[in-house]
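In what comes next, chain A is part of two complexes: it sits with chain B in the first one and with chain C in the second one.
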Partner chain A sequence: MKRIIFLLGVVICITFTAVPSFSDDGADVDSLIKTSMNDVLGIARKPSMANEDKRKELWKIVQKTFDFAKITEFTLGQFSYNSTSALGEYSDRRFTKAEQEEFREVFTRHLSNTYLDRMDFKNVDVIIDLKPAEILEAKKGIKRAQVKTMINKKTPIDYILLNEGKDWKIYDVKVEGRSLVSAFRTEYKAILLKNKPKVLTQMLKDKVKEHESAKKKS
Partner chain B sequence: MNQLRKKAKHLTAVVVFALWLVTGCAHGKNSAVKGEPGLVSERVKVENTSGKEVKKDTSVTVPVVPVAPVVKAPKVRGAEGVVDTGGASKDLAALSRPAEGIVTEEDIPESPEDIIVGDDVDEFFDEGEVQKELPVTAVEALVPDPLIKFNRAMFEVNDRLYFWCLKPVAKGYKKVTPAFFRKGVMNFFYNLGTPVRLVGSILQGKYKGAGSELGRFVVNTTVGVGGVWDPADRFFGLKPSEEDFGQTLGAYNIDNGCYIVWPFLGPSTLRDTVGKAGDVFLNPLFYLTPNELAWGLSGLDVVNETSYRIGDYETIKSTYMDPYVMIRDLYITHRKKKIAE
Partner chain C sequence: MKKSSLEITVGIFVIIGLACVGYLTVKLGKMELLGDHYYNLNAKFNSATGLKPGSNVEIAGVRVGQVESISLEPVMKIAMVKMKIENGIELEDDSIASVKTSGLIGDKFIMITPGGSVDMLVPGGTITETEPALDIEDLVSKYVFGDKKETKQ
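This part shows the complex of A and B:
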C-alpha cells in the first residue's frame, strides 16, 4: 500500500512539476521569440547596412512573427467579416471579405510605418529580461501562449501568441499591461459606429499617405 | 508672499521631520526593497550580434532589441505639456482635430477594463459568445469631459508649444550635452522630488516604499553627490516609490472629476490638479530664491526630460486618428494603474 502511495506521489509530482514551458509548445514559443529578437538585433546592429535596408529586413521578420490577419480580425471585433455577433441597426458596418482584406493591407502598412520608425538604430543596447513562455488556456480550439519581457528593468512588454495548427504567431502586444490591439479596436469602433467600413479604410489610407509624405520631406 | 513661503517652509520642515521620525523604523535592513520581486523569475540571455546560442537559467542580461518598439503611456511631467510615452513607454499635449463628423467627443473608449486586460483574459476570443445577443453599444468615455472644447483648444496650444518651442530646444540640448550629463540632471531632479513621493507613500500607508524613498534620498544625496548618481538602486536595491498627492487622493476613493488639459502642463483631471497643487508645496524648487533661479532650474528639468522623449508624442499622433482621445485614455488608464499599484 505504501509503495502504491509512493508511486502515486511520484506521478503527481511529475505531472504538476511539468511546467508548461518545458512542453513542446513552450519550447517552440521560446524559440520563436528568441530567434526573432536575435535576428532583429543582428540586422539593427549591422554597421554597413543603410537604415532603409534595415527596415526592409526587419519587416520581413515582423511579417513572419506576427499574424496580421488575426490582428485585423481582433481589431475590427464585431465588425469583422469573421464575427457572428449581431450588429442590429449597424449591420451595414460589417466588413465584407474583400473590404477586410483591403483594410488588412492598409492597416499592416500603418503598423509597419508606426513601429519601424520607432526603431533607433543608433542605440540598440536595450536590456531585455525574457521570461519563459507561459501556455494559456486554449480558446475555441486555438492554442495560446504569452511571453513576458522587461525592457531596461522597468517597462514590461508582453507578447501574446496563438497557434491555429502550424506555427506560433504573435497577435497582440501589451505595453505596461495595455493591449495595442485593444487601443486600435476602441478607436476604430467609435469610427465604425458613425461610418461605413470604406470610410475607415480611406481614413487609414490618408494616414499612411500623410506619414509617408512627411517622412520623405524629413 | 515671503511670509507665506517662510511659513510653508517651516511647516514642511516640521512635517518632513515628523515623517522621518515616524518612518525611521522602516528604514532598517529588512525594509529595503531588494530587487523587483516577481519581475523576473527566470532570465534568458538573448544572443547578441555574435550569433551565440541563447542560454537559459542565467541572471545575466545582454543588450537586445525588442521585437516591437516600446511606446508607453503618458505621465504628467513639468510644463512641457507633452505626452511622455515612456522611456519609451508613458505626458504632453495637443493635436489636430479629426475630420469633422468622423470622430467626435462622444466617440471614446470603453471602460478601462477593456484596455487593461489581465493575464489570461482575452476579450478577442470571447467576442462571439459574449456579444452574440448584445446590440452594438456606444463607445463610452473613460472620464467625464464636459470641458472638451476648452480641452481641445489647449491641446492645440500645447501641440504648437511642443513643435515650435520645446522640441527644437530639447533637440539642440540633446545634441550638445553628453548622455551621462543628461542622466545626471535627470537623477538630480528626481532626487529633489523625494518629498512628494515620501509623503504620498506615507499617506497611503506604504511604509516600505516610504522607507525606501528615505533611504534613497540619504544615499543618493550623500554618496550620489546631490542625487546626480543613483547608488541607492544600484548597490542597495532601493527602488523609488512612485507616489504623489493625486494618487493619494485616488487611493482614498476620490474620483477623477472631469478631465482637464492645462496649457503648458498637459493632461490632468480635477483631482490630479488638486494633487499637483499639493505637490508644488513639497517641491524644494518652490522655496528657492531668487525666483529666476527656480524658473531656470524648472525649465532645465523640462527640457532634459523632453530630450528623452522626443518622438513619443509624434508616434501617438501619427498612429491614432484622434490623438486627443488616445492621450486622454492613456492618461486615465495610466493614473488608474498607478493608484492600483
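This part shows the complex of A and C:
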C-alpha cells in the first residue's frame, strides 16, 4: 500500500513539475517532462535529505508548475464563479470569486496532504516508461497536450497539459484512465447539492487541520 | 349483418394488435418515428470496450441519449463514439464523458458529468475530456497478483 502511495506521490510530483514554456510542440513537452522527472526522482532519492525536507522541496516544484486555479475551476464545474450554467434553485451554491480563491488555497493544501505527505521515500526504484507527447486539439486558442506513462510496467498514468500562452501547465492526471478532476468534481457536486460553498471549504479546512495535527503528533 | 359486425370487431382487434406490436418494436428497438429529437455529439476514448451502439448516455443516472456508432479513429487508433443527445440538454464544453458499468458486470454506458464552462457544445461537437472503460479483470489481477518483484523480495 505504501508503495502504491509512494508511486502516486512520485507521479503527482512529476505531474506538478511540468514545464516552462517554449514555442510549443510535443518534443518540447517531452524533454521538459523528462527533466522534471529527473528532478523529482533526484530529490526523492537523496539519501542525506530528511523526508520532511524532501517534501518541502517537492512542494516548491509543485506550487511553481501546477495550475491550481484551473484545476479548481474544472473541479467546481458549474459551481465555479465564472460559470454561466444555470443552477436554478441551487443558485446560492455558486462560488463568489473570493470564496473560490479561498477554496483553491485549501484544496491545494488538501491535495498536498493527500499525495505528498504520504510518501515514505523507501521505495524509489520506479521504472517509468514515457510515451511521446500528443498534441491535442486546441480549445478556444488554448493549446493542449497529453503525456502517457507506464509506471513499473503496470500502472498507466496520463498527464493532461494546457498552455494559455505563457507556460505549459498540467490540469488533470488520469490514473488507470480515471481522472483526478472528474473524481473530485463528482464528490464535491454531491456535497454542494446539500450545502453552500462555505460549508465545503470549511469541511476541507477541517480535514487539513486534522491531518496537520495528526502529523505533529506522529 | 351479424357476420359483418363480427368481421369489423376482429379487424379492429387485429389493427390494435398490430399497433401494439409496432409500438413495442419502436420502444424496445429504441427507434425514432416522428421527427428528430436528438443532436449528435462525439467523444474520443482510449478504450470503448463493452460499449455498443444503443448503449445509454446518462447524466446523474437519467438517460439523455444513446450511443449511435463506434468507430476507430484512423490516426490515433482510438475509439470515436458518436452519441445522440436529446434536444434541450445543453452541455458545457468542459463536460466529462466516462464509460461506466451498471453494477460489477452490467452493461456499459456513458456517464456525462456536466462542467461549468461559459461555452456550450454545439451539435456535432466533441467532448474532449473523457475517461475510458475500466478493465475490472485487469484491476483484479493487479490486486490479486500485485507486484511480483516485490513479492519475491
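Keep this in mind: the second predicted complex is superposed on the first by the 192 of 218 C-alpha atoms of A that agree within 3 Å, B and C clash if a C-alpha of one lies under 4 Å from a C-alpha of the other, contacts with A are read in each partner's own complex, and residues count from 1 in each chain.
The definition used in the following text is that contacts are C-beta pairs under 8 Å (C-beta built on N, C-alpha and C of every residue); 3 or more make two chains touch, one makes a residue touch a chain.
From a predicted model like this one, the values you see are computed outputs, not experimental measurements.
J.: Contacts for A:140 in the overlay, against chain B (first) and chain C (second): which applies, first, second, both or neither?
T.: After superposing on A, A:140 lies in contact with both chain B and chain C.
J.: Looking only at contacts as defined up top, I'd like to know whether chain B or chain C touches more of chain A.
T.: Touching more residues of chain A than the other partner does is B.
J.: Examine A:90 and indicate which partner it touches, taking first as chain B and second as chain C; both and neither are also allowed.
T.: It touches chain B, and chain C stays clear.
J.: Just chain B (first), just chain C (second), both, or neither: which does A:50 touch?
T.: Neither chain B nor chain C is touched by A:50.
J.: After lining up the shared chain so the two structures overlap, which partner does A:27 touch, if you call chain B first and chain C second: first, second, both or neither?
T.: neither
J.: In the overlay, answer first, second, both or neither for which of chain B and chain C A:149 touches.
T.: Only chain B; A:149 stays clear of chain C.
J.: Shared contact residues on chain A, chain B side and chain C side combined as an intersection?
T.: 73-74, 77-78, 83-85, 136-137, 139-140, 144, 152, 154-155, 172, 174, 176-179, 181-182, 186, 189
J.: Tell me, which parts of chain B touch chain A in their complex?
T.: Counting only chain B, the residues touching chain A are 36, 39-44, 46-49, 51, 54, 56, 61-73, 86-90, 99, 101-104, 107-110, 114-117, 119-120, 122-128, 131-136, 138-139, 311, 315, 318-322, 325-326, 329-330, 333-334, 337.
J.: Would you tell me which residues of chain A are touching chain C in their complex?
T.: 3, 73-74, 76-80, 82-85, 134, 136-137, 139-140, 144, 152, 154-155, 172, 174, 176-179, 181-182, 185-186, 189
J.: Under the definition above, what is the set of chain A residues touching chain B in their complex?
T.: For chain A paired with chain B, touching residues are 30, 33-34, 36-38, 40-42, 44-45, 62, 65, 73-74, 77-78, 83-90, 93, 110, 113-119, 124-132, 136-137, 139-140, 142, 144, 146, 149-155, 157, 159-160, 170-183, 186-187, 189-191, 193-195, 199, 203, 207, 210-211, 214.
J.: Of all residues in chain C, which touch chain A in the complex?
T.: 46-47, 76, 92-94, 96, 98, 113-119, 126, 128-129, 131-134, 139, 142, 147, 150
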